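Read from first to last, the chains carry the letters A, B, C, D, E, F and G; within each, the first residue is number 1.
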Amino acid sequence: MVNGIDRPLDLLNSAKGKEILVQLKSGKQFVGTLLAFDIHINVVLDGAKEVEDGEQRTSYGLTFLRGDTIVFISPSAN
Amino acid sequence: MVNGIDRPLDLLNSAKGKEILVQLKSGKQFVGTLLAFDIHINVVLDGAKEVEDGEQRTSYGLTFLRGDTIVFISPSAN
Amino acid sequence: MVNGIDRPLDLLNSAKGKEILVQLKSGKQFVGTLLAFDIHINVVLDGAKEVEDGEQRTSYGLTFLRGDTIVFISPSAN
Amino acid sequence: MVNGIDRPLDLLNSAKGKEILVQLKSGKQFVGTLLAFDIHINVVLDGAKEVEDGEQRTSYGLTFLRGDTIVFISPSAN
Amino acid sequence: MVNGIDRPLDLLNSAKGKEILVQLKSGKQFVGTLLAFDIHINVVLDGAKEVEDGEQRTSYGLTFLRGDTIVFISPSAN
Amino acid sequence: MVNGIDRPLDLLNSAKGKEILVQLKSGKQFVGTLLAFDIHINVVLDGAKEVEDGEQRTSYGLTFLRGDTIVFISPSAN
Amino acid sequence: MVNGIDRPLDLLNSAKGKEILVQLKSGKQFVGTLLAFDIHINVVLDGAKEVEDGEQRTSYGLTFLRGDTIVFISPSAN
């Protein structure tokens, strides 16, 4: 599973098209399908849903998340 | 719907002229028509309205939002 | 009204000499006539007045506002 | 009064040798004579005095204020 | 044990493939196997687990941690 | 006293070898003899003492203070 | 003792191999032997111990501390 991750962004690259969990500094979490990211860790999710205490609250659909608000990103199916 | 989003800014580019939702770090949300953005994620909305708890509170009309105050941006009609 | 706004700073440029509303991260708002701005969104207002809860409190006259303290800017007469 | 202010720093340049009010992010205010500034908005005041609730509290004399702690600067005699 | 650490990143390089403890600014701690890092101190952990008060709470598997949220990193087996 | 201060760092340069007061963003103050500084406003104090409510609390001797934690610096004997 | 400190980083250079005290923005303090540092003030300590209220709490051994979380650094034996 960890083959080919030499640099941190390699993980994000391998997660394109898959569902990821994004933890924000505000304490909120988003789940959605990773469509795109850049070196600032700005990401675009498709089917983005806000999660609080494990429950999905609000659906936002296509969403741009600004990189400097992100704490961690985890592909949810690993 | 997700065709052509290779980089995060592609989503903003495709949302020009459409209504978007902007979440600020302060907790406030704005809705309005996206007129312009730049690489700092500074955005200009037309018909900007502040939203709190799902209700539209204050109308600001044309508004410049500074990029470093933004958490996420979602085209509201996706 | 929105003609000619291709980049976010175009809005500030078109607002020169007009009254604008500036929201600061601290929660305070200023109104005044926009005299100058730069790419850091540093702005100079003439006749700057601090506003709290919709009431004008303190008059500062000519005032330099540091860009990184600004959340949004809205020309008040749009 | 506003002649010659094309860029934000022009206001600071025209205020050299005059008394200014400096609002810090911490909520404190300083008054003093502006001796020098740079592009980071670092400033040096002569006869710097801390102001709280409109009253002058502590005198610091010559003082270097770091630019990233500043919210706004207003020449007090405009 | 401390041989070969001339620059701070040398410690992270020597910890690749080993378990590390990561302290975040939010107060949370993660443990996991260090797979990759970059000059921004972005890191990728395998088998990442959130730790609170010494107890492992949530398992995230492969996880990307953004560098600017990190306080310190300690290889846990030194 | 103010001769020769054309740029903000000139004040720090003229204060080398003299006692200065350093206000930190955390609210703490340090006094000590300024030995060195750089463009980030990182400073080294000799005989550094932490001050709280005007009383000297802890002595640290030679101390490196990181520039981005500093609010203002005042040579204490002006 | 203060010979040879022309620039702030000279103090850190002279402290290599010696015990230092590191104050973090979170309020925590670390003590340990300074092994390495860089221009971002990232540091590596050997035998790092967290200190709270003057008491040593947790031992972390070799530890990488991210520079932007540091308030001050003091060689403890000066």
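The definition used in the following text is that a contact is a pair of C-beta atoms (placed from the backbone, for glycine too) under 8 Å apart; a residue touches a chain by one contact, two chains touch by 3 or more.
Because the structure is a prediction, the values reported are computed rather than measured.
Enquirer: Identify the chains in contact with chain D as well as chain F, in label order.
Expert: none
Enquirer: Find the geometric centre of each of chain C and chain G from their Cα atoms only, then give the gap between the two centres in Å, rounded to an integer.
Expert: Computed from C-alpha means, the inter-chain centre distance equals 43 Å.
Enquirer: From the C-alpha centre of chain B to that of chain C, how far is it in Å?
Expert: 19
Enquirer: Residues of chain A touching 2+ other chains?
Expert: Residues 68 of chain A touch two or more partner chains.
Enquirer: If we trace the ring from chain A over to chain B and keep going, which chains do we hit, in order?
Expert: Listed around the ring from chain A, going to chain B first: A, B, C, D, F, G, E.
Enquirer: Over in the complex, which chain F residues touch chain D? Could you list them?
Expert: It is residues 1-2, 5-12, 21, 25, 41, 67-68, 70-75, 78 of chain F that touch chain D.
Enquirer: Quick check: in the complex, which residue numbers of chain E touch chain A?
Expert: Residue positions touching the partner: 24, 26, 30, 35-38, 42-44, 46, 48, 60-66, 68-69.
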